[in-house]
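Just below sit the structures, each encoded as structure tokens.
In what follows, subunit A forms one complex with subunit B and a second complex with subunit C.
Then we have the complex of A and B:
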């Protein structure tokens, strides 16, 4: 029982980690980034390259890959997405436009990875050491990823709720036109939120690469999972992300242990549907006015 | 080898792609000249999409290496002169429709002389009728299907070189029976399988075979494709303390299960995993811990021809990549067969080449091959990592079969 719970928590932490960047990009900047998973895999490749080519510890690699993720996303938003934001008459229109633009971007990022690394599977071993926690054996790399997911989640949550700039970000998430009335530079804040999401997805890619096997074409799996967690938790809500991720992870591991591993997907989607039926805006989402 | 083919591929499809552009670049040199100036060989492979991972390891490096080697020798020998190979290639984006379209194009528009098959069971089944109708030889070297004998009969131009899922499962069980008779293992088996083509076929064949041999199947569960944490399965299996652990898994799961078994200190006497065990990636990731791990595939690692092939493959492919120790050598052997058949016929006569493939004897890196009813008579079904090489251990009657190391040494801390 304890083992199933621990496994579930760690899996859930990973799901939350994967989804946090998307909730920022989608919730605040209103960019439905379909190339999200590709960026995650790109960060995994970066980490793989740093680890195998330069013997750089992936945890130190975070210090390189995350700022790059932030920078690239910032440029992307400023160059590619700002014209769309300007042109879009409403938020809904922006969602559709950004969906198409990032769909195209997905192919570009994937193509670059295929050219650089080929289509094969990649995997490396880092800190896959058994550690005993409360009498249960767990993998250290997964434990670290879980710890950092919680840390990042809480840090971002506190930054958004306790700082002035965080409040501005939330204001833009709630109502961009009203935010403009109180002298918030909506474009800058959106760009920052999108870039922050880019940094988060880079962090997720690095951490996940420590224990998952990936290839240039596995991005879509992560986009889907992230989308599920984000929608279930409430778009733009970090705490919702964490809770939804943990709920999915726990349900998956409990079902795999006590019922049948074949039913994990079914339970995931049942939970997802159940939440949406009761709370259409997600666990922590506010209903649209 | 059907993994991930059913996964969400629609979103990942990349528009025609670099491969196609490279392929189209070779339009000019055709013309119905009297003397053949080149032999046009076409193929559509999964350069993108869920199949790309398998095609990039097993198929593409062999196609490229073979073409390079043949052309370095001056080309294919047609009659008394050598004619270089010219390649036309496309990306099938891991989709059956795209593969069919690409092959139609190769046949009607590019008018290629021969076609090399796509990667994977699903795509080979999909293009079977097209190649049959157009009368091209179809040397399927990466397809495992229980329908292989029936297909070979229906499409006499098709050759199914990797065998049937039932063959894989039955050989494994035969090996287990032998080891039990020798007193090396008991009779408790834990089995997990991926809920997709490969896992379903092989577990369905293994269940009755295990029951008939009086093995006790203590744990028998399936898991969905793309499961990201397999520790519940490993922990459950470990709690039952089985003698034998069998996983009919796809590459990411094969790596995940092995990793988790090592973390959990799960040390059954036999640890068998599915597709991916024979990949160079597996050795790269687990190093010395691969010792004693069994998996699907294997080859005669002591044979000079295989050693030479391994060295050439490393020299030829990007980053010095090694071949996988299962379908790679079969794929290369299929190309040798095609070459020998073409050269024996001495001209581009596809019907005669098919006839020669059906009846001839071929000298390949995996030994002499003579097909019976378009199927080989020998396969490697169970391999085992021994001292950094994945040797074939089953069927034990195959030439070069090694004695399995049982029990598998316990996992070492890395």
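Then we have the complex of A and C:
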């Protein structure tokens, strides 16, 4: 029982970390990124490549992969997505357009990874040392990943709530047109938020690769979980992300332990729908207008 | 009916006869190509039936397709063929209604996310069921259906999907859906039961997709979850409908034909990089042809017929 709860909490922390980048991309930049999981897996592959090819510790690898994720996302937003933002007359239209564009992107990134690495599953062994916490045996790499996830989440939260720029980001998330009135450059803030989300997803990819097996085509499942967490928690809300992520992780590990590991996805969906039936805007979301 | 309509109807009827007789003069390669073309024409048109007027992007095509295929795999040898198709229809409609009622009441976003995961969810449930209850993963489909039968059934289905699409566009339901697509709040204020209209159309669209899956199943002879719930089908259908333009009934078909040929060519020539190339084609369509080929055609013909006095407002 305690083991199931521990596993669930760690899984949930991971989900929350994965979803944090998406909540920035979707909540602030209004880009519903369906290629999100592919970028996560790409970061995992980068970490794998650094670790096996260059014997670089994944934790140090973070310092390389995260800035690259940030930069790539920035370029992507500036080059590919800004034309869509300009073209879209309303927010809904942008949502549909960005959805389709990132859907195409998802297959491009997946195709690149398939040509580079093939369809096989990859994993590497890093710090898989058992440690005992509260009488339960856990793998050290999972614990470290969880700790770093908490750290990143906290840093992001503080940056968004305590700094001037973070406040500007939140203002754009609430109302882009009103943000313009108080002299916030909405386009560059959106680009920055999207890129920050890209950096977060790269971090998540590196951390996940330390203890999960991944393949070129496993991005979809990450995108799906991240989307579920974001919508369940309330779009653009970090605290919601955390709570929804933990709920998802806990329910998943409890069902896997006590019912059947084959039904985890079904439970995820049931939880997702259950929350949305009661609160359509998500746990911490405000109803729109 | 006006003379042009009669002429169009006659031409359509003659074309249909030519298509129906195709198995008698085409060899096996062209027959199988024709089957692929018809398959994607029906899938894309059925997709456009719902997603065109409402502008809700459904990414669940393969979920329904796979359910249809699996129904045949499970029941094909036990029951008579028409009965199997009937059951597939019922299952598809039921699934669409469950999904529709639980997500379409909320918003387009939730619908997209749910459909995005639906195929994966159904696949996991099927695997779970097969592993735990029947203890087989992968089934053989031995039914007495030839390639010709598949072709004719698909042709009949294509006729049906166009007929129903044409009827819907002329009915109160079609009118209601166009209003929903323009502005859902306005539609609600007009007294339209928005949820009912959306769920009904989603179910109709899903039934056609399920039936295509059921009809195509005998072609494989061996089915397992990863074949039946292949995510590229969802993707290909969306890109075809977009290329043609989903706001017109015949738009998706216009997109389905060239792209099916392209995909055949790509998978034969560049099997390893086809995913990449398809993704690039998709992006090109989204950026260069947001209204699809039919949208472009309408714009060009409008510009020709009207002298450019004022700039056209694109809706």
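In this section, the second predicted complex is superposed on the first by the 283 of 289 C-alpha atoms of A that agree within 3 Å, B and C clash if a C-alpha of one lies under 4 Å from a C-alpha of the other, contacts with A are read in each partner's own complex, and residues count from 1 in each chain.
The definition used in the following text is that contacts are C-beta pairs under 8 Å (C-beta built on N, C-alpha and C of every residue); 3 or more make two chains touch, one makes a residue touch a chain.
These numbers come from a predicted model, not from an experiment.
When both complexes are superposed on subunit A, subunit B and subunit C end up clashing with one another.
Once the two complexes are overlaid on the shared chain, A:100 sits against subunit C while remaining clear of subunit B. When both complexes are overlaid on chain A, the residue A:115 reaches subunit B and subunit C alike. Once the two complexes are laid over each other on the shared chain, residue contacts for A:130 go to subunit B alone; subunit C is not touched. By the touch criterion stated above, A:280 is placed in contact with subunit C alone, subunit B being left untouched.
Looking at the shared chain after the overlay, A:209 reaches neither subunit B nor subunit C.
Using the contact criterion defined above for the overlaid structures, shared-chain residue A:32 touches subunit C, although it does not reach subunit B.
Of the two partner chains placed by superposition, A:190 touches none, neither subunit B nor subunit C. When both complexes are overlaid on chain A, the residue A:44 reaches neither subunit B nor subunit C.
Contacts of A:221 after superposition: both subunit B and subunit C are touched. Comparing the listed stretches 37-45, 127-135, 199-207 or 307-315 of subunit C against subunit B after superposition, the clashing one is 127-135. Overlap of the subunit B and subunit C interfaces on subunit A comprises residues 34, 106-107, 110-111, 114-115, 220-221, 223-224, 260, 262, 264-265. Of all residues in subunit A, those touching subunit B in their complex are 3-4, 7, 10-11, 14, 34, 106-107, 110-111, 114-115, 118-125, 128-130, 137-139, 142, 211-213, 215-217, 219-221, 223-224, 249, 252-253, 256-257, 260-262, 264-265. In the complex of the two chains, the subunit A residues touching subunit C come out as 32, 34, 80, 83-84, 87, 92, 95-97, 99-101, 103-112, 114-115, 220-221, 223-224, 227-228, 231, 260, 262-266, 269, 272-273, 276-277, 280. In the complex of the two chains, the subunit C residues touching subunit A come out as 55, 57, 59, 102-103, 106-110, 112-114, 116-117, 120-121, 124-125, 127-128, 131-132, 231, 235, 238-239, 242, 272-280, 282-283, 286-287, 290.
Subunit B makes touch with subunit A in their complex at residues 7-8, 11-12, 14-15, 17-18, 46-50, 52-53, 55-57, 94, 192, 195, 221-224, 226-229, 231-233, 235-236, 251-252, 255-256, 259-260, 262-265, 276, 279, 281, 284-286, 318, 321, 413-414.
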